[in-house]
Amino acid sequence: MKRFDSDYLEGCLPQILERLAQTNLEQTPGYGEDPHCARAAELIRRACGNDALQVHFLVGGTQANVTVISALLRPHQGVLCAESGHINVHETGAVEHSGHKALALPSPDGKIRAAQIRDAVRDHYDDFSHEHMAQPGMVYISFPTEKGTLYSLAELKDIAAACREARIPLFIDGARLGYGLASPACDVRLEDVAALADVFYIGGTKQGALFGEAVVFRTTELARDFRYNIKQNGGMLAKGRLLGIQFEVLFEDGLYLRAARHAVEQAFRIRDAFRARGASFLVESPTNQQFPILANDEIARLRERFSFESWQKIDGDHAAVRFVTSWATPDANVDALVAAIGETR
Amino acid sequence: MKRFDSDYLEGCLPQILERLAQTNLEQTPGYGEDPHCARAAELIRRACGNDALQVHFLVGGTQANVTVISALLRPHQGVLCAESGHINVHETGAVEHSGHKALALPSPDGKIRAAQIRDAVRDHYDDFSHEHMAQPGMVYISFPTEKGTLYSLAELKDIAAACREARIPLFIDGARLGYGLASPACDVRLEDVAALADVFYIGGTKQGALFGEAVVFRTTELARDFRYNIKQNGGMLAKGRLLGIQFEVLFEDGLYLRAARHAVEQAFRIRDAFRARGASFLVESPTNQQFPILANDEIARLRERFSFESWQKIDGDHAAVRFVTSWATPDANVDALVAAIGETR
Amino acid sequence: MKRFDSDYLEGCLPQILERLAQTNLEQTPGYGEDPHCARAAELIRRACGNDALQVHFLVGGTQANVTVISALLRPHQGVLCAESGHINVHETGAVEHSGHKALALPSPDGKIRAAQIRDAVRDHYDDFSHEHMAQPGMVYISFPTEKGTLYSLAELKDIAAACREARIPLFIDGARLGYGLASPACDVRLEDVAALADVFYIGGTKQGALFGEAVVFRTTELARDFRYNIKQNGGMLAKGRLLGIQFEVLFEDGLYLRAARHAVEQAFRIRDAFRARGASFLVESPTNQQFPILANDEIARLRERFSFESWQKIDGDHAAVRFVTSWATPDANVDALVAAIGETR
Amino acid sequence: MKRFDSDYLEGCLPQILERLAQTNLEQTPGYGEDPHCARAAELIRRACGNDALQVHFLVGGTQANVTVISALLRPHQGVLCAESGHINVHETGAVEHSGHKALALPSPDGKIRAAQIRDAVRDHYDDFSHEHMAQPGMVYISFPTEKGTLYSLAELKDIAAACREARIPLFIDGARLGYGLASPACDVRLEDVAALADVFYIGGTKQGALFGEAVVFRTTELARDFRYNIKQNGGMLAKGRLLGIQFEVLFEDGLYLRAARHAVEQAFRIRDAFRARGASFLVESPTNQQFPILANDEIARLRERFSFESWQKIDGDHAAVRFVTSWATPDANVDALVAAIGETR
C-alpha cells in the first residue's frame, strides 16, 4: 500500500535523527531553557528578519492553537475563524474546552476575507445585545488553509489591517506553513508572515520534524508569561532541547523550505495527472494537498493500491478525495500513482 | 412610550408580592432547603403528573442552561442545538466558557428535527476522525423556540426517540414554557414535556415571577449531586425560599398558565391587526412573540410611540421586528398599538 | 425554635418590599440598564465619596467572587487568600472551576497580613521553577472575615500597598461589609474601602436585601467589559431593576448601616452574656457573628430552643459554635437566648 | 559542570535512537493507531500481568495528569493529594485550570495515608454544608513521591481499599515508576500497581525515553472515550508511533527496569558518601533522588563543580538540597561527586 493519507506518515528528515544522535548525551537544562532552543529561536528570528520576535517551541498543533488562543483572549472573547478552520472542526472542541467560542465564518475555499472580519466586528458592536454574545477577540487563519489554498500577500495585508482596526490580534496557524511558502503560486514570504501576524507558528510535525511547532510572537508584550501558559496547558516538554535541535536543523541552511518544495512538486505531479485525464477539483490547491473529484468506482480502484482520505461526497456517484504529499513522499510512490491515474483515461 | 420589547419589563404578578410580604419574617434555612421549596417542588411534580421528578430552583435562564449542560456532559462532549438557540447566540458563550462546544444545526424556524439529530450522531461516528471532533452528548431545544414557534407532540416524541436511540439526554429550555403550553395551537401538555425530556425547566422570569426557573429532572440519577453544580455555578440563592414561594404561588391554582394565556391573547390581537393590514411575518408564531415584516418608514413611525426590537433586516426597505407581550401587558397598550397598526392600512 | 444560624433567615427589610410594590408595574429595560440601577450606582458612588467608581449589581456572593476573579486574572494566575477564605472553603471549588488556583495562606483569625502577601509574591519569583507554579495574580480578603474579625485601617492600607508593589489588584469580599462598618471597633469607613480596594462589593443578601451584591471597581479600566463577564457567568438578572431598587432603598438615607448596627448590638448582647458567665471565644469578633466555646452538654441544652451552627471541635468535651444576628433579629429572640445563657452560670 | 539537577538532562537510551532510525521511513497511520503502539500496549499488558488493561500513550506528565483527572471527575469534584503532590505544586495550576480543586492533605514525607483519605471523605459528607465544598472525587498519589519515598505494598493496598470504600478511583502518577520498582527497598511490583490503581502511568520521560508516559486503565469503562480527552487536551501526538516505538524498546526485554536500577545504584553511592561523612537527610529516600542537609558553605563549594537543586531552607546555615541520578548518570560523574563529598569530612 502506497500512502497519501497525510503528511505525517513517516518519522523525520534523516538530518534530524543524525543530530539527535550526536547530541544525545549532552547534559542540558530542561523545559526549553537550553542552548539548542536559544540557537533555534535565533535562527528563526533571522529567517523572519526581525530581532524582536519572541519564539517558543511546542509539541503539536492543537496544543499550540489552544495555548496561544487562551493566553491572548479574555474570558468573554471568542475567536473568528473559517467554518472549516482546524480549531472549529478537528480539535475535539479544545478551544471551547479552554472556555472560548469559535466564531465561525462561512468559507467555501477555507479562507476568510478581511470584509468578513470587518462585518463581524461591526455587527457585534452594532447589536443592541452585544454583551449577550461572545466578543470577537482574535482572528485565526491557517496558511495554507485546511483545503490547501493560500492567501495572497494583498489579502493577508488586508486581514491584518482589519485586525488592527478592531484592535484584536491576528493569529496564523502555520502547521503547513512551509508547504505554502514553497509553492510557486505563493507571493508571501516568511518575513511577511512575521510582519503581519501578531502571533503565528512554523509547523514542524508535518514538515519533516518528529514533532514540534515554533510559536512566534511579534512583541514581548504579546508573549508575556507565555511559558506559564505552556506549562499549564501540558505543553512544556521536559527535554525541550529536542524541539530546539530539530528547528536548528530545519533552519540552519534552508532545509525547511527545501523539504517543503519536494512535497509541492510531488503534489503537482499528481494534480497534473488528474488534470490530464480531465478530472475537476474541489478547490484549486497550489500546495501539498490535492482534492480531485472522482467517480466512486475510480476511487475504489485506486484504493486497492493507494491509501488516501475521503473528503466530501459530491453526488451519488462522485466524491472529492484528498491526496497529500510530504517532504518524504518517494518518487516511486508518485510514479505509481500517476501511472494508475493515467490508466483511467 | 408603550413597551413591547420583552416579557420581563415589569416586576411580578401581584399575588407573588403579596405572598412575599406575608412570609417576610418567617425564619427558614437557606439555600433551598426550606418548606416553601419543598412544597413548590411537590406542586410541580403534581402538575407534571410524576412523583419521581427531581425539582431544583435556579435564578435565571443562562444559569440554568449552563448548570444543567455542564453537569450532564463529559468534557469532550458538545450539545446539539438550533443555530438560533439561546445557548448558541445570546449567552456570551457561557456554554463554551463551561468547556463545551455548541454543535449548531441549521434551523430557519428555530426548531430542529429528529432527522437532524439522527444524522448528526450517525455522521459523527461514521467519521474516521470522530475522536478529533466534539462528541454529541446532549440535545438542547427550546419550547417555544427563540422565534416563538412550537414543536408538535409528534415532533417532540420523535426528538425524544432520537435522543434515546443515541443514548444522550434531551434538555428542553422552557424559559417561556407557559407561553407555549397556553397557546391554542399547542397539542403538548406539561405532562408530555415532563415525560419526554430528561431534564427541562419551567420559566418563571418571563412568566410573572420576579425571577426563577424550576429545573426538573426525570430521574434521581440524572440529578445526582446537582446541588453541588448549582453552588459551583454561583446559582444557589442564599434565600432560596424566594424561589419556592414564587413557584408555590404560580402552581397552587393554575396561575402560571392563566397568566400566560393573557399574554398569548394579547399577542394574537397584535398578530391579527398586522394580518388585517396585509403584513407578512418572518415566521408563523402561535405564542407571545410576533415577528411582522414591516417597511422601514412604518417601523420608524411606530417607534415614536411604541418600543419593540429590530430582529432581522429583510431588504433595503424592510425589516422583521419583534413585538412581545406578557402576563402584564395592559389592554390599553395593545389597544393603542392595534389602532396605530390600523392607521397604516 | 429561635434561629441564630445565619444572617439570611428572613426575607428583607420592609422598606424594600414596599418599594418593590410601588414600582411593580413600571416598564423598564432589562439587564440592569434601567433608571433604578443608575440611581443606585450614583448613591453608592456618593456614599463612597468617589464619582469615578464603576458599580455593577450581581445576585449573590459566590457569583460575584467568581465573576470578578475570573474577569481580572489571566489563565495562569491564582488568587492569594486566607485558608479559611470563603472562595477557598465554601464555594464548591467555583474559583477553580473557573480555572484558577486559590493560593491559600495560613490564617488562624481569618485575616491575612501584608507580610504574607509580600513573602508569597517574592517567594514565587525567587523560585527557579516559578513558571511551573500558578502566578499570584490577585489578593482576595473578606471584610469582615469568615470569623467575624476586622482589619484595622492600618492593616488594610498595608495590604493595599503590598498589592500595588506587586502590581496585582486587591479584591475585598464585602458580603457582610455593613456588619463590619457598623461595629464600634471598626476604624475603617466605606470611603476607605473604596479608596484601597481595586474592586470590592457591598453585600445586600446578608444585610437586609432579598438578594444582591453591589460590585464596585475603582477604575473604568478594571471594569472593562464586565457586563460580558456577568452575562457569561449567568449573573445578569433579566429584571435587573430589582437590584437597583433594593440598593436605592439601602443607600438613600443610611438604612444600610442603620440596619447593620442593630445586628451588631444584638450580637454584643449575646457576647456579653457568654462573657458574663465566663465563656471563652474561638476568636474575638467585633461583628454580628460570635463564636463562644461551650461544653457539649450546654450546647445540647441550648439546641433545645435555639438553632445555631457547630463551628469547630475543641476537645472531647467542648466545641466552638456560631451565633449569628442580622438586621432582622428580634429583641425577644435575643432576650430569650441571653436568659438561657444566664441559667447555665 | 557535572549535573545532578534532574533525571531528564540527556536525550534517551541509545537503543531507542537506533530503533527510531530503523523505523524512520515506515509509513504508518497517525495518532497512535499504528502497529508500534499496539505492540507496546501488548507488552505493557503482559508486564502488568493483565490482558484487560487499556493503554494510552501521552507525551508528558502534566498532560497525563490533567487528561486523566479531568476525564474521570465530574465538574464539582476535586482530587485528594499530598500537599507536596506534583499536581498541587508544580503544574502551574493545570488541574485547577481544568476546573478541579486539588484537595491537599498534609504530608511531611510526600506520602498520604489511607486514614487521611477515609477522614477526608467522612468529614466531607458529615459536614452540614458539604454541597458548598468540592466533593472528593479521586485520590492521586505518586510512586515514588516527589520526595523519593515509596509506599509499601501494605500501604498501597490500604489506600486502594479506602478508595473503593469511598467509590472513587485511585490514580497513581508513575512519572518515576521505574526508579521506585527498581529500588531494593520496594516490595511493590508492577503487577501490584496495575491491580491496585484504577489508572496509573509508566513514566518514560524521566526513565530513558525522549518523552512519553504510558497511561494504563484497569477497565474499558474507566478508559471510555479517553482518546477524545487526549485530543481535546492537546496530547494526541500526530506521529503517535514515536511513543509506541519507545515503549516497545523499553518493555521488550526488561530495559525499563534495568536502566532504572543503574540510577538507583548511583543514587545510593551518593547517599552512602553523605552518610559516611555524617550528613543527615530531609527524608530517607530509597530511590534516585537524595536530599542531604548540608551547610551553606559546603553547598557553595560543591556548586563550583556540580549542579543540583536547592530544595528547602533548614536554618540560617543549612539547607536541604537534591541530587538526582538517572539511567544516564555516568560513573565518572558519581566518582567525582563522591570524592568531593569525602573531602569535606
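By written order: A, B, C and D. Residues from 1 in each chain.
As a convention for this text, contacts are C-beta pairs under 8 Å (C-beta built on N, C-alpha and C of every residue); 3 or more make two chains touch, one makes a residue touch a chain.
None of the values given here were measured: they were computed from a predicted structure.
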C-D or A-D - the one linked by more C-beta pairs in contact: A-D
Inter-centroid spacing, chain C versus chain A (mean Cα positions, whole Å): 50
Suppose each chain is reduced to the average of its Cα coordinates; what separation in Å results between chain C and chain D? 42
Measuring from the mean C-alpha position of chain A to the mean C-alpha position of chain D, what distance in angstrom results? 34
Residues within chain A bordering two or more other chains: 75-76, 91-93, 97-99, 131-132, 135, 228, 231-232, 236
If each chain is a node and each touching pair an edge, is that a line, ring, star, complete or other? complete
Residues of chain D touching chain A in their complex? 1, 3, 5-6, 8-12, 14, 17, 20-21, 23-30, 59-63, 66-67, 91-94, 97, 205-206, 210-211, 228, 231-239, 241-242, 328
Residues of chain A defined as touching chain C within the complex: 31, 70-71, 74-76, 98-99, 131-132, 135, 225, 227-229, 231-232, 236
Which residues of chain B touch chain A in the complex? 75-76, 78, 89-93, 96-102, 128-129, 131-135, 309-310
